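Presented below is the structure to which this report refers.
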């Protein structure tokens, strides 16, 4: 019943300037809308379709910039970790960790991340039924971390396409963890442009509105001042300049839905 | 930009009493919420999973009761027609016609129904991509009927399951026809109980909220005072006693969304 | 345990000459390979994606040519019927009837076709689980026709794509009816070229070999001397000139599989 | 054009006795059928649905037994490695490495495994289109290892179900790597029994026959003398006592298909 929060930022850390500017702008938008905000950006894209694609600044440079965002802009920071990330180095810098959808079934990995003690946003695999996330969240909590979030980002639907099943957002509540909706990876077309993934940016507001009305705790969105020039996931990034109007709408839907309560949970 | 309308009623005409009572109650709820209302019920379930299931009262008795609802309750009435329905007999009684999802690609059938001159709600096939409904709507309009609605009701997702792709609601607008969301067939589990279809009634509000927030002209819902005793589609019918609270919520979401406008349609 | 049979021919009746020539050539190939052969062609394509596409010569001209093939070439003939076909006129001419996949759940239609007394090849809907074909075959047999065949032709897999689940061929045996595999519609990309369906002709031999090895009674294939000029379903038609080599392969697989028996049916 | 090879063994190393017995029996069957054979077993099941399930004997004990199989039975041995496996310890003992489907997009992991210099069997992700395996194989070869195999094991099809697309086996050939078909994980029902995955053992022969007829270089199968008592993946393991009859059938199909050649590859 808490108001909607936002996790947002450029997909990958492109430069110090972009990081500080986008974090500052997002912080200001969220402040005026009373939306709790977490800045997100990746230091390494560890599972690109092709090994020729840009992977990011790497651990050291990436963490340095994220630390700077945290200190200078004054916002909590999230980043995603991978199968071979030195977890303690990352955990020393950021406020939340995130695990990739492809890795949600790797028991050791999930538990190693959870052991860092930070809140963890676990993305649901594109291959996983929503009710099977109960076991994933349990694996994470079994090492003593109760601050686990579960995140829907679309499920495989034929080839090179994902579909967002809004029933999933209700089913994921059974995991006992706050549910986050990733509105930008959900419009990804995996591998849809040959050597890179495509995306349907125009559907981001449709899915974001739908998910917030379905009832979620938070929304995750990748954003960029110039999506067409983004070094990663541009096709499914939302333009920063249009973020405020989208969030205003989501905030209003969220308020109405949470004020009235989710009637599917009431006894018949 | 018109406010949300509702098409609702028990799946099949079970009795005169049920028809009049449910129509009266729905009319009253919609009046207080300023939701335009169309009563829906079927005289014949022509595509049951098994030929042992209840099919309805048949054409003559069914039309007599629908005519009575129309006259005594004073609401417009919709019913669905099938491959061998005498269309002119039905069209003489009801206000809107509806075509089944399985039949959306049958050119002669769609055009014969459209030729009756009434508004037609065309359900999208469970096998059809949303952008392919453009051709279906065009077939219908080609015989001179401009009052065509297109209706999403879920798409095949593995076996005995459907998923509602909210992107579809945006894509269907390209057909040039008002978009309706069928919130109850969308939670059907086709063939999911062996000889009959199952359903996930608990997800109806989730999907209905999501679809209205995505942006639709109308919502379609099957309802029953006692869904567990319904003679058809009970598992995916919404309890009549809980219709008001659900519609209040949908009305609020719809107002907010339409007041602000669907930002995905604005120029970047 | 009967040897593999073949149902084949051009998708639609294009001309008398094409019909006689292709029937003659197919008959000769099948004779030398000892493959029982049924000629297939449609007089009307009743569910084209767009109403602008070629539909065929119509009932009268189409039946005249099919009758001619039957008489002059001396092969049994199959054609498909639709929601508004005068069934008795067609049944008076051909040897087998076929029902479209989209119509497999229409109880009245399936039973009307079965009542004609001819063998009926019922195509499984793209939206149907294989075990649900039991009910469809039962509907047909309930009117007294025991000569029912069930036919797999792919199941919806995301948008504009089908996938052939080879488990289905085993599951369909539970219907008590001979199982046919449609190797050419299975490579269709429904709606995949905008206003018409596309196809992946290159995968026809892969799927045909796989299905015959999985174990089927018959194979269905659309063929054309010049697929790129075909008036319907060219992208998923197999070139007539390459039919012999494909059938030789299928015949060999079929013989081996049926000689050894399908070991999944033996008790463990 | 090489004759079919087999990768087979119990899913997990349960005991020294089971390992030696099953390896010996499989070796003998394959010798009489002239099928090149690789023994497979896992020392650690790193991605079980639930963290309560049996994971295996662990690295040290597992490798000791695999080494014993290799030496005493005289067969090459394959095992799978995970995100945190000490790769050089494993590579020092086995003949081939295998990577899990969930991890196929992790660039560092795939390249670290390939750098060990052994042949690597890369399983295709349940979320991946077959043509996107080209990039995965390229990533592996980019570190200098040319002995890469690609393996189909089913693709997500709705929830808790997989489907095997036989077109994939043809499409995977474009990766330039030998194609392996995993006939037992392909009948898995992921998460299908609540806390564990289910399986449809009865469909293993259907899919294996189909895949060999479609055309593959090798088949992968998990087997167990008493599948119902297996400590992992029992529901989708093939009974060891019935392995010979299944392989006889596959050998015959493979010989026929490879003798005639895959006609889809010939010029039209």
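Things worth noting here:
Order of writing sets the chain letters: A, B, C and D. Residues in each chain are counted from 1.
Definition applied: contacts are C-beta pairs under 8 Å (C-beta built on N, C-alpha and C of every residue); 3 or more make two chains touch, one makes a residue touch a chain.
Quick caveat, the model's predicted, so the values are computed rather than measured.
Ranked by how far their CA centres sit from the centre of subunit C, the chains are topped by A.
Remark: among chain pairs B-D and B-C, B-C carries the greater number of C-beta contacts.
A separation of 47 Å divides the Cα centre of subunit B from that of subunit D. Computed from the mean C-alpha positions, the centre of subunit A lies at a distance of 35 Å from the centre of subunit B. For the pair subunit B and subunit C, the distance between mean C-alpha positions equals 33 Å.
Shown for subunit D are the residues in touch with two or more other chains, namely 155, 157, 159, 163.
Within the complex formed with subunit D, the subunit C residues making contact are 155, 157, 163-167, 169-170, 187, 200, 202-207, 209-215, 239, 242, 245-246, 248-249, 252-253, 256-257, 260, 262-264, 268.
Put simply, subunit D touches subunit A in their complex at residues 46-51, 55, 82-84, 102-103, 105-109, 111-112, 125-132, 135, 138-139, 142, 155-156, 159-160, 190-191, 195.
Across the interface of their complex, subunit C is touched by residues 157-159, 161, 163 of subunit A.
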